[in-house]
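So, here come the structures, one by one.
One chain, subunit A, appears in both complexes that follow, with subunit B as partner in the first and subunit C in the second.
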Partner chain A sequence: MLEIKPIFNAMRRSKAGAIMLLIQIAITTAIVSNASFIIYDRVQYLQQETGYPEDEIFHFAVQTFGKDVDLSQQFELTETTLRNIPGVINAVAMQEIPLSGGGSASSFGINPTSDQGRQGREVRSAYTYGDEHALETMGVDLIEGRNFNQNEVIIAQNRDVLPTVAIVSKTFLEEIFPEGDGLGQTIYLGDMPLKIIGVVGKMMGPWLKDSRPDNLIVIPFVNAGVYQKVLVRADPEQRAQVMGQIEDILLKEYDQRVVVNLNGMDESKRRYNASDILMLRMLVVLITVLVLVTALGIFGLTVFNINKRTRQIGTRRALGARKSAIVRYFMVENGIICIAGLVIGSAAAVYMGTALLEHYSLPALDHSYIGMTAIFVLVVSLLSVLVPANRAANISPSVATRSI
Partner chain B sequence: MLKMNNINKVYQTEKVQTHALRDFNLEVNEGEFIAVTGPSGSGKTTFLNIAGMLEPYTGGQYLLDDVDVGTLSDNKRADLRNQKIGFIFQGFNLIPDLNLYENVEVPLRYRGIKSAERRRRIEDCLEKVGLASRAKHLPQQLSGGQQQRVAIARALAGEPRFLLADEPTGNLDSLMARQVMELLEQINREGATIIMVTHDSELARRAPRNIQVVDGQLADFTLYQNRSADSVVELASGA
Partner chain C sequence: MILHYLDLSWRSLKRTPLISALMIAAIAVGIGITMTSLSVYHMMSMDPIPQKSDRLFQPQLNTMDDGQTWWTEDDLPYQITYNDAMNLYNAPIPERKVLSMRTGFSVHMNSSEVKPFLQGARVTGRDFFAMFDLDFVYGGTWSESQEREVVPVVVISTELNEKLFGGQNSVGKQIYLDDTSYEIVGVTEPWDIHIKYYDLNNGAFSNREEMFIPYSMIAAKELNSWGNTNGWKYQEINNYQDRLQSEQFWLQFWVELNSPEEEQEYREFLTAYLEEQGKRGRYSREKVQFALRDVNEWLDYNNVVSEDNRVLVGLSFMFLTVCLANILGLLLGKFLRRAPEVGVRRALGASKRQIFLQHLVEVSVLGLLGGLLGIGIAQLGLWGVRQTYSYYNALATMDLTMLLAAPSIAIGACIIAGLYPAWLVCRTTPAIYLKTQ
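Entry: the complex of A and B
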């Protein structure tokens, strides 16, 4: 028997503490449900499958100041040197590095750009240049079609001869050819036609926060520059050791250059996401502090109430309350406050979610998070009451006659 | 209905051991009205608390309706308090956040009595103590005498056979004290057994049986009085 009515009536008559607790629970519910949803969303984002074995890949850039070499030929040589390092799986000079936060993107159409502008569908995608080693170096899976032939790869220092084929990510293909007949069709980068010869299941572009993060096109073109990026894939156990040797080996091959920005793919992804990781940590701290403060508040208020009501508790025991009835009293009392706080807090959470959606373009709050938070807060709150309530139950009924 | 054999109660504090009761013997029969007197600190409250199962005792045997209280669980003792015993305290001990109706309701709820029956009993009892019209008032809105009458109503609501009162008039002036005494006498006439601790010798003399506690023991005499006559009969107890 839960005695809700008399407990509620008693609370109505001395409500200051109850109202403070109610507000605290409401605020906690509103903030924790939104924050935990944002955390979930960010964790999903940070842990998403990118298509790359990030711990196997590293990249660097080569700044060449020697003027006595053909850069593209030099980098063909450099690639070979890299591939011969023990532990290296493959290496490729690449114009842009996936997940690094820097790259090129354009809109690709099913028709060339004419003077009046493009006709027909066009889709935004990041793109990068690389040769037939690119896919293996990136560690991505070709799910349809084939890799580049050596003769499709254009190695040049000018744009007299242009590549004619491309390998695209599945997401891009499905977006630009939604009928599913994309393989073998031709897309246009400006007026340059590129026949789609292969499809990769998953490979993300340089920007995880792009509007089309999963669209990437690899074009078989080697047009090395004085600042040239290189991607290397190595055995994950040996990656660090390989990275340590890179500079020496490359300078031994040709010394009129410097190696810069040597980083693992996972590290550069982490840098790109640094602000998200920071926000995530702050939100976790915020939630923890809030829940702790609420739990302490409930604990404190219950202890205070029990101290204030020692004689009343003794009297109730004298009048026939079992210990369990005393515990129940405080649990129900707290439960009433808590549920009222949760109702108000849930409404506030919805409101706050809408405001965050409008002002900070965060994803819309999934309402199941409010439900889960409410259950969590209720459990924390009941646990916080349990300890002092048990102490109250042990108050001797004799205080009814002993305390005047 | 109550039988205490060699009850001992020792309070053990850090430095001192207090023998609040030593080899205390008493038998109380159904329907008695007993006034307990004795000097301060002699063990009256201790006796009452043990009689009401508010405190454990450290030695001896206590039978309530032939049940050995020492063998009962805490829950069982709570249930027996609720069913058999009504308490009246010197400080009234009304619950300040509950109105009179709700205060009287407390023991009935612990007994799990249905709402309609509760209402009937609460209204009856408040009527009996003359406070039916103030059911919605809070205790702080009443005088001390009125509060004690509510406390009596609360003790009566469960229709206990046994009423324990520790200085029920201790905080009241003599007029109010007399009113409360009259109420108790009426309750006793209706069949309840009453044990009342009091410092007021005039009130004590109105009770049919007086016992005196001195130094944790029953004094060597018990006074039986005849309510209808002025004569006082002194009987030797034990000796």
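Entry: the complex of A and C
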């Protein structure tokens, strides 16, 4: 019915063209399935929920060179100034900015550290100092426990009085107290005890690529530095406008300082992830162009075959072949090559996936991607044949009778 | 003869415009994509200081207790402690060595003309400029006594000099860094490096510092590092003095060793130094461990060329292969259809060799056209890379090597693709085709 045998025999007479097509389809399948899987993996990473309303938050840093003020007191003032700007929801001087790629981390234990080291479980977590406004400014919600009281927030320029409580992310709590009774327990940063008084469902730390990206601890301490970071949350529509005024407003309040690194949270996250975004874009362009080139190649080769066989096609038509038989001939011919290419290509894709997994820190290739790619390549390849094959079907039988 | 072949190829291209265009487009796209990723790779993996990269070394010391691990392949920390940095700096050998660290200040002129701004600064030794081949436009580095006696002096870059003094000779003038006035002693020439190899803490391609001040300012001004500070054991740190004496790693150290003998001598020195430190009970280690890596080894060790980039280069070469298979298929069809014509030429006396050459010239022309078009596509690609993030501005460009490489790769690839079709067609036996006509 499909006349596979004569088609196959005809193909054996011009092997090279068929083999080239097969190689193209095989490599295309291998690349597209692996690349689309990497793309999927990166998209998942880039679009993950961080817990923050990223389009509402922005941050900046203040470098103070004036020596005539108490920095912590100055920043209490600055916070108030910021909160009074129309459009600002809340503002807080923080030690570290979430998702920014820069921060502090330490191991926290269920026992204090002594000269002999630490006994018992310890878990690595990012941490930041902030006050009772931190949670609202970050736009995260407590799922258990309570926020800091004003008297728990230590405002100081030295470390004589230390904070005694902390609010932690749920992921951290579950890791350090797997029994689920973490709220109210005490953890130690070095030998500094901190009682867990609140739990936030989701707040990611400064490094999305950390091995523990979801661990973050907020400690109620205002110990403003010469270089101090500030986090502000504003109405998303007014954020750009508020950001535009920040420098002037702050310098008007006190001018012995410099405002730097003013960025939206979404922007600094994009910057942290620039290499992933770049990889994503390059891969998308690569596979789009690749499929296009392969499709054009199939198209060109079929056009050539048809030109070469004009007289044979005319003869077949003169002998009574229907137009559909001509189209079918080319479709089946291409189909055979394509399927052979896909089989080899799938094997190559699996091999390539393993190699990438082995040499680079890429996740293991999900084999369903090979299947989907194979179907896609088959459809593209048949479509590329369809156009020239239809043209071939319109060759008039009289062509066969002409001598040249 | 070549000219004649070129003429023939041009006619041949024009005879089958659609197929020729397809082939040229395929090469152009293949080269465009490949050159985009290859250019970025090339810039990332380039030797930043080729004339002396094998003479500059970064010593890494293991001053941790046995059993402590680090996240490097050989468990050595990237940086060293303040005490070690000072000891190595004050050691008799080698002649040139520097400790260095990134910090920053608000820069102002104590007047309202220049609005204060924040600027990164490098705290380092006076030999920094000589070691890293950074020349001066005005003035020079600070003296040994200025370094020792903590005199507030600063070397600024041409860019900063342009910004503050309009490019005038500013040696002798004062600028304020935070609350201290520093005297400018030198202005450096523009520094044409795009890999910040001497300090990779803030990213290999991040901005360089525009100011340099003597290392003795670290303790005098209690400067904070703008890079990384890492510790491995718990130590109570309540003031800056505690920090200086602590086992935290936060300084970089470079030495210049001009011969294998000097290198050997320095290795022995480091062994002796570490043994002595161990004896003093600073750490408990069975045997000393250190490493001495030169610039390129250091870049390798820090994985400056990202994995993603290697994967991309690999993928784009596979992509180029697909384009070549594509072209090979098309060339086969095109050349074989020309068999009758070739038969006549053979009958008229053209040798197989000449026919073969003629066809190779034709594919080279294809390659050249595709390669040139490919440079255009690669420029578009690199523009796209630069749009992603300004961090890539210096990296996403094609230097002369890459501009020349593009057509070379294109022509080379096309000749490889053309070999088989050209060989097939030059075997044509004239008799068959002469008979039918």
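Brief remarks on what is shown
Rule of thumb we're sticking to: the second predicted complex is superposed on the first by the 402 of 404 C-alpha atoms of A that agree within 3 Å, B and C clash if a C-alpha of one lies under 4 Å from a C-alpha of the other, contacts with A are read in each partner's own complex, and residues count from 1 in each chain.
What we mean here is this: a residue touches a chain if its C-beta (ideal position, glycine included) is under 8 Å from a C-beta of that chain, and two chains touch if they have at least 3 such contacts.
None of these values were measured; they are calculated from a predicted model.
When both complexes are overlaid on chain A, the residue A:Tyr227 reaches subunit C alone and has no touch with subunit B. Shared-chain residue A:Pro6: touches subunit B; no touch with subunit C.
Between subunit B and subunit C, C contacts the larger number of subunit A residues. Touch criterion met: A:Ala325 reaches subunit B, while subunit C stays clear of it. In the superposition on chain A, the residues of subunit A contacted by subunit B and by subunit C overlap at 14. Per the touch definition, subunit A reaches subunit B in the complex via residues 1, 3, 6, 9-11, 13-14, 311-312, 315-325, 396-398, 400-404.
Remark: subunit C residues 18-19, 22, 25-26, 29-30, 33, 36-37, 104-106, 108, 116-118, 176, 178-179, 224, 234, 238, 306-308, 310-312, 315-316, 318-319, 321-323, 325-326, 328-330, 332-334, 337, 381, 384-385, 388-389, 391-392, 420-421, 424 touch subunit A in the complex.
Across the complex, subunit C is touched by residues 14, 16-17, 20-21, 23-24, 27-28, 30-31, 34-35, 38, 63, 65-67, 113, 117-118, 159, 190-191, 226-227, 257-258, 260, 270-271, 274-279, 281-283, 285-286, 289-290, 293-294, 296-297, 300-301, 303-305, 307-308, 356, 360-362 of subunit A.
Partner subunit A is touched in their complex by these residues of subunit B: 45, 48-49, 52-55, 74-75, 78-79, 81-83, 87, 89-91, 93, 95-99, 102, 105-107, 109-112, 138, 154, 158, 166.
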